[in-house]
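Presented sequentially are two complexes of subunit A, the first with subunit B as partner and the second with subunit C.
Moving on, here comes the complex of A and B:
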């Protein structure tokens, strides 16, 4: 019996090795197509910085795996689903792109998911935040790296309710991401015994928030939750300041705030605000070293989306290097069995629903006198374990998990 | 005779084109060519400048998408359904708009199209900012699998050629002649006993239906219907395509749309990516200042002068 087993094992190992030897990289090039918002509301959060981050990952491999060159192509999707889907489809059909990366804005990510599903190509989502991407809207090859709205809800929403913020009014960006974020935070607030007294949807992107802020003031809610991101969050916080929302006794909870937003708002305006982040540059030696390199190239410290793009691309390339193949299923299997350890995440696990589970952090914006210089903005007050932030695999409603 | 030889040559080129070019881009070109030709039917041959054709183009995309995705209609029925509803929208908007002329006509169509746009933004069936995604391509006539790009291309080509032939037939028919008479001198046409309003309305509805067919087909090709198809930018773009190609010529709008779509496509990934609207704007200004008859119009003028 045991001899037979050994023979079988040996045979299967041989078969595997011969499989690896014959597998190769299609077209002699590993090509990554990066779609991001280069000019719109999310260009500071993602934008140029994600291209730099992806290039840094490629440079770590010396720009090539074996004989195969690694190429990066990028385009501005202008936050429009149709532009993103058309570009991705053309890249996949004619330009030999092997994987899609970044994809800030949920509607864009969902549109590219449709294309990637048909083409069976790996999609490394960093910027889009909606948790449906690894639940109802999941695809077998879609990987969601940086964060999701559930994690943000658990982090910021949970912390705010704990401090007595038990009545909420939402200002929500009117597309899939805003809906998902509001829904996830509502669940957290209600589970903790709080209540949601109302909400208003604003167009995406919006520049004039005055009427929405007035509605938030009239609602009498203790907490005004901003279920939006990027320039929308900045504009809403500025409008809230002008209308004296905080002076009137209400509090703002920014549900998705990035380091670049704090930089734009300034510590005077943002101090004391709590935010859930996937990455903070000044956390440990690895993150500091990587961020310093990023800073030298861009003049800015990276946001979580940018660091997440680096991590996802690096992990993808590492799997290709380890398997010697760029075949989607082979690479995907390798990516799942290897833990993610880099400047972005430690001990990250890629689940079968596409979710990359890693620790998240609840941070508070420093007071101006606490900050020692530019970009020294946050102090991490709690580490949120991955399972708590993202939930368990059993909770995922992804049909192909 | 010469023009029909030209059409046959163009058709032959289109039949073999997907062997040399990316079929999806070609399908996009065809859809926009039909859209611009439909628009040209009322602007070039009827003298009515509509600023609201995106409502028909984008609206039909949503209707078709919904019919295919939610109701599971066969592909060709879905496209007919979308085009038909666009025609009904054209009837409603046309009824109001044709009572006025010139700038007032343009403003009414723009206003109605904006109303349609806000309806699409806020209706749940369109998916708002997300757009309607994952529209199934299905099978043509229940036989040909449209998931294959090449089959899809010939399906789109058939629709667009049929639409184009309908436009050619309309322009050369007695109806088209009356339309041209109304364009050139509305009062004289009225004094000759033609019911001017009815002719204009019929032309408007026909144009809206064909614009709808183009939008519906595009949504099937890309499996996506989005707000940018219904946005007023699209209404402006189709004016640009028509003027650039040649107003009031049959082939002009197709040529104009080919130039614009190819430019947008090629510039989108190059160094000029952020400057696409500026480049198109410069082209528009150059066109209006130096060759007002458009590409095809100028070529025709040169042809006539030299023979």
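Moving on, here comes the complex of A and C:
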């Protein structure tokens, strides 16, 4: 027997023994790798707040499951797919990371999906929005938690068409997410008998929207749909106000608007706007209590992406605790059979295509006189049942569902 | 008709031309500052975008802490940020005099990252809204487009500051010193002119111009820490196209590139962030010194 073989046998025997000692948690540590935008356009929507939220989930377990410590590592992916993929590969291959979390920006999530598929690791997507993540681009271990473009389309798009907004012009961020959002909203608008009269793709990120707003005005469409997010949405709304788009009789439909955007715009500019949200802090006692804790740590109320990160990490850890194992297939099976009940979602169901189905909410931005102070911005006007928002499993085009 | 050929209405075309000029005015002020700095310090000031952002944040700070509104900020913010620039020049840039360009570029690029990083940490990335000054609220319907009064003001103010800068450099004694400093600093020093002071002031002035553009931008775009980083690369291309260190070149090219970019936003919007670099590449091939630069 060669020396190498002896060492290998010895090592595997040791591994077996230590495995028996602390249940079946590999390396004696549960390690979650969180990749998010810490400095760019989406850092308020996701960013540092998602790290705080994930840590809050970990703290609920006292920082450990049995003997195994829970560790959180995080990195700034700068909205760049290559940085995200390289970091994930390194984390998974050499740093013992068991699961990836957050992943705002669709291109980032898709790149990490590739890595996670090869490594067979669970990926808890919160911030990326594109519905292809649980359709054509799905992977068996990729879970999409917070929302998707289809739900946004059904929520905001559906509500706007119902109120007579039957002709649309899109301002679309020129990357995978913008495309997906425009496509999903177009489907909803056309199914309801409306039509799309035009669209313009703007660079991501863009700072000046005046030219695109002018094109939207010239289109004569009743509704100008913003298929973008974060700073782009904010600047587009500001330009629309400045160039008298709304005064001229057209309406803005922000298709992905976050609480942080409303905070930045101010109620004066944002009032009356309808938006589809996965989470609003002031919805029920559980959401208020959790959000208050989050507020104490960050000085801000959480966005849906941040609350969703908490929920996904918590559900993942609960499944490890229940099964005593961090084996991907075992944990995944447990996560699917347990309903998601926490501050973020009630009766959420994790499907085999990776979609976490839960209720979404159509909300309207309050008028300044209706608001009692900072963060009191929204009133929920309709609960959109999970299956209506996300569609049925039969409708999913995920090949491995 | 040209508009028939292009398949758009004259209204849309005029509107976009005007918007192009408005954006061009921003490019002109920013590239002018860069040109001044490069002319005298031989430094490619990559911190220009961050300093432009500081100008916008100074505008916010002035109203929040001192109750000083837009018009006061238009005067004070460039002075404050210009003073910051002077500190930067004295503390850091001075040490790089005489070494390769690359060091100045790396230093200012690093400074920009640090400044922006600190602001993201404290203010977040979605930024803060700044209201349009009351006197300039509203818009006028020109028939082919609605022109907000404020945007009209931006063009007037930008052209005024550009003109003032040109007069300062071309028609005054201090301007003559500055130009002489660009040509031969040693000889100028020999005549008893305090060249290091001149250099410091020139940097302060260039930075002040960036801050001035920042104040102009505050009511239009959301004031956020990254507002300069998206703009600065384009402005650099403008300077390269116009010719490094040429004042008139920077102004004219700024306006021209604004219009070219504006038209691209209609015909091929996806390319609107790239078109200026395409022009840059073509200019570099045909006239390496830039459209208005002197060939070496």
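To be clear about the criterion, the second predicted complex is superposed on the first by the 378 of 401 C-alpha atoms of A that agree within 3 Å, B and C clash if a C-alpha of one lies under 4 Å from a C-alpha of the other, contacts with A are read in each partner's own complex, and residues count from 1 in each chain.
In this section, a contact is a pair of C-beta atoms (placed from the backbone, for glycine too) under 8 Å apart; a residue touches a chain by one contact, two chains touch by 3 or more.
Because the structure is predicted, anything quoted here is derived from the model rather than measured.
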| item | value |
| --- | --- |
| Which superposed partner A:261 touches (first subunit B, second subunit C, both, neither) | second |
| Partner chain in contact with A:330 - subunit B first, subunit C second, else both or neither | neither |
| Partner chain in contact with A:396 - subunit B first, subunit C second, else both or neither | neither |
| Touched partner set for A:269, first subunit B, second subunit C, both or neither | second |
| Contacts of A:174 with subunit B and subunit C, given as first, second, both or neither | both |
| Touched partner set for A:47, first subunit B, second subunit C, both or neither | second |
| First, second, both or neither for A:114, with subunit B first and subunit C second | first |
| Of subunit B and subunit C, the chain that contacts the larger number of subunit A residues | C |
| First, second, both or neither for A:306, with subunit B first and subunit C second | neither |
| Which of subunit B and subunit C A:126 touches, first, second, both or neither | neither |
| Set intersection of subunit A contacts, subunit C complex versus subunit B complex | 39, 174, 203 |
| Touch list for subunit A against partner subunit C, complex | 39-45, 47, 174, 200-203, 205-208, 210-212, 214-215, 217-218, 230-231, 234-235, 238-239, 242-244, 248, 260-261, 263-266, 269, 300 |
| Residues of subunit B defined as touching subunit A within the complex | 22, 24-25, 28, 121, 128-131, 133-134, 147, 149, 222-224, 226, 228-229, 268-269, 273-274 |
| Contact set on subunit C toward subunit A in their complex | 9, 11-12, 15-16, 19-20, 22-23, 116-117, 120, 124-129, 132, 139, 145-146, 148, 150-151, 220-222, 224, 226-227, 230-231, 262, 265-266, 269-270, 272-273 |
| Residue numbers on subunit A that touch subunit B, as the complex places them | 38-39, 73, 75-76, 80-83, 85-87, 89-90, 93-94, 106-107, 110-111, 114, 118, 174-176, 203-204 |
